[in-house]
């Protein structure tokens, strides 16, 4: 699965399969340029893992994709639909952004569950109030999803009473409830105690196995190599190296990537 | 959604409450603080007293649809000019100072101004006798103005929101004397609560300050209403209603020609 | 706020508008009464300020035992202190003032010896009642604050003092009280402004402070806005001075 | 029972306080109802102003932020009594001028509405600060999550920000409610027949100052204590999602 831009253009008939396409994305905070032109294409079923040191811009990149951060320039296409942007990169059409966001389910490092609602309420919130799914239907589906992440018995519990691992699994259930076309994982295990990481990774692994399209920012190299179909290594706001996992991890070409893999104990 | 209901309730209340008054209704402002025997409120919440009876009689004679509206005495003139009420009939003396701001009808009563004090004291209603004494008066009254002008040698001039509070402090011995309308003070010293005290006589007259009797105040230029009130007052004076009401409360007439 | 922040374009526009408003007020409203009432106003202002200072100090002194009793006192001290604070905080100050002045005033004629006592010249005045009511009110609110402040002092430090054999009262005076006061200092400025805002209520029991003077002007001159606007300006200035004083004071006391 | 009351000299007080005339208890209760009505309305109006104020202060433009800053500073520095007088006269003046300009003639403003307007504007300044603090206390991530799932701004406010800030806002709002009930007493000075004025009238008419002031104090205290219970429940409910959150207390 070639993700290279030039390659994609050659196999233009495959654009129907494109889940997400980002071209030449720039982002500056004041004078500090965090992203210096990052491009990426993910087709349906792709699992793209984005790795890199802290400050490499990998989280910012993910957050730009659903406009939690406003890009400075570049284009973003979701499911073949170009996101309308003004010259400064800010979204021109608020409605469109809101609609597109419902298809890009985000899982956050800090879970960000709504603490004033139970797990079940957290999961049905977006289906009922944004997608206008009938409540009964949403509840039925939410229960299935909570069962799936192993929290069926905690549906009526408030998030703060649960462990981090449980909260993150609930957050994944919340993401699944919107039937996303792409799931965005922003370092989903970084805030967890080591013994809780496994339970979350298991859930993500299952999702990858069933062919979900995912963008995954992570520090878990082993996990990335195992589940990803494509690896992107970011260095100081640029793609330093990318390719299939076995190549990137097995035979890193860039000295920076080699150095990076050494420091994370690969 | 709770918030929505609160907003709704507030808006509804504002709309209902601020409905335009019907054109014929005349709101007659009296002081919210009781001023017996002219106007006081009973435990059922009804206002009564000499002045309340006169208001009703005048309104009937003038064919006005009156509503008695209690407002704070301290702000009664702004309430009139601000439109909260249309007429002031609250034992307000007709003075030149007030005439700068509002218009008055013809007077409907006129009584002397007196000083009351403890029975055992030798206070007289003169500046020499009151020198160094504590005098209590009601705020925003001709009495306040008079005491300031004529009894400036007094030890202290204490200003109360209501005459009633001044009376109360006279009984408690916290003031030596109080100056007010003769009828109001006569009524007070005749009650068991006021038994300690007596009226020591009227103060020297000063028409400029004490005014030309009590009249109904109206907004400047509201001549139509003023004429109607004058006609009503004249009518109850002529047909004996005024005298009849007075006889229900007092032994002598309180209207000077 | 720096001078530069003050001169942003929108602020300049607002200041110009405000200046126009002030000029309009000066031109179209009546101010000819000011010279006549200025001495009275100064007297009233002074009375407002000393009532504020005296009641805050007395109230704070009273709040210390109230807070202490609630924080660590035995139940027979904690319960009354708690009831006192609840009652003071649960009823309007205006009512408390009237109850003290007119309620007690109505009792005096029934107790003849009071009138004969040496205290009577003071009890005849209105200001003792005003000071008493405002002091109790401040103590009631501040007692609650002090309770929290005493409870939040680090227990380890007290144990340390104990272990050096410090006498109990010294420990209270040297360690506990200073820390508790430091804890409440940030809220004290706000509380003092609230107390300032309570002072005009004493005008209703014949104490002639600045609000009473403005009422006098209103009724003498039959005008509404002028004295009230000036009065509001006075209170704004006093509140500003209080804020500045407390800020200075706070900066002098190192926190943490 | 009756002899006991007699010996304590309370029988007379009981008679004065009886609910039907000649007792004045009914008047006090009527006054209390008026007070509560005004307090409730003012509190509600204050909440609405406070919500807009808080959002304005947090997300508004520079001009809005400055104006709101002036509003909250002035209102919180000037005594309620003075504000009540100014707002009362300004309010009635403005409404009448507007109404006359539109050719409707003078408008009657009921005491309750005027009281709500006056106290509501005062409450609004305090609400603004309480709600602003509460909104800021909501973890940013929760709002971000809502945005990330495509919630429009208003829905975020309705479903996430406001419910989530409740636990931080309730203690402050409980205080504001108590201030609202107590501030209604100040309206006595403008002549509204609320509890304090009714009390004063009853006391003046019967000369039983002590009895009536104590009775009114007791009524206010009952309102305070009941409110405490109700707000305790609300707070418990608002904090149901948070196992260990300690609320600050201020006046």
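Letters are used for the chains, namely A, B, C and D, taken in the order the chains are written, and counting of residues starts over at 1 for each.
We take it that contacts are C-beta pairs under 8 Å (C-beta built on N, C-alpha and C of every residue); 3 or more make two chains touch, one makes a residue touch a chain.
Just so we're clear, the structure is a prediction, and the values are computed from it rather than from any experiment.
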Interchain contact steps from chain A to chain C (minimum; 1 if touching): 2
Most central chain, judged by mean C-alpha position against the global CA mean: D
Most remote chain, CA-based centroid, reference being chain B: A
B-C or C-D, whichever has more C-beta pairs in contact: C-D
Whole-Å separation of chain centres (CA-atom averages), chain A against chain B: 78
Between chain C and chain B, distance of the C-alpha-averaged centres to the nearest whole Å: 35
CA centroid of chain C to CA centroid of chain D, Å: 21
Separation of mean Cα positions, chain D and chain A [Å, integer]: 47
Multi-partner residues of chain B (each touching 2 or more other chains): 74-75, 78, 161, 165, 168
Residue list for chain A, restricted to those that touch at least two other chains: none
Touching two or more other chains - residues of chain D: 85, 89, 189, 200, 207, 209
Pairs of chains found to touch, sorted by chain label: A-D, B-C, B-D, C-D
Parts of chain D lying in touch with chain B, wherever the complex brings them together: 21-24, 26-27, 30, 41, 44-45, 47-48, 51, 85, 88-89, 92-93, 95-96, 99, 104-110, 112-113, 116-117, 120, 158, 162, 189-191, 193, 197, 200-202, 204-205, 207, 209
Chain A-touching residues of chain D, taken from the complex the two chains share: 139, 141-142, 144-152, 155, 159-160, 163-164, 166-167, 238, 240-243
Of chain B, residues touching chain C in the complex: 74-75, 77-78, 97-98, 100-101, 134, 136, 139-140, 144-145, 158-161, 165, 168-169, 171-175, 196
Interface residues, chain D side, partner chain C - complex: 62-63, 66-67, 74, 76-83, 85-86, 89-90, 178, 182-186, 188-189, 196, 199-200, 203, 207-210, 213-214, 216-217, 220-221, 223-225, 249-251
Chain B-facing residues of chain C, complex: 102, 105-106, 108-109, 115, 123-126, 204, 206, 208, 212, 215-216, 218-220, 222, 224
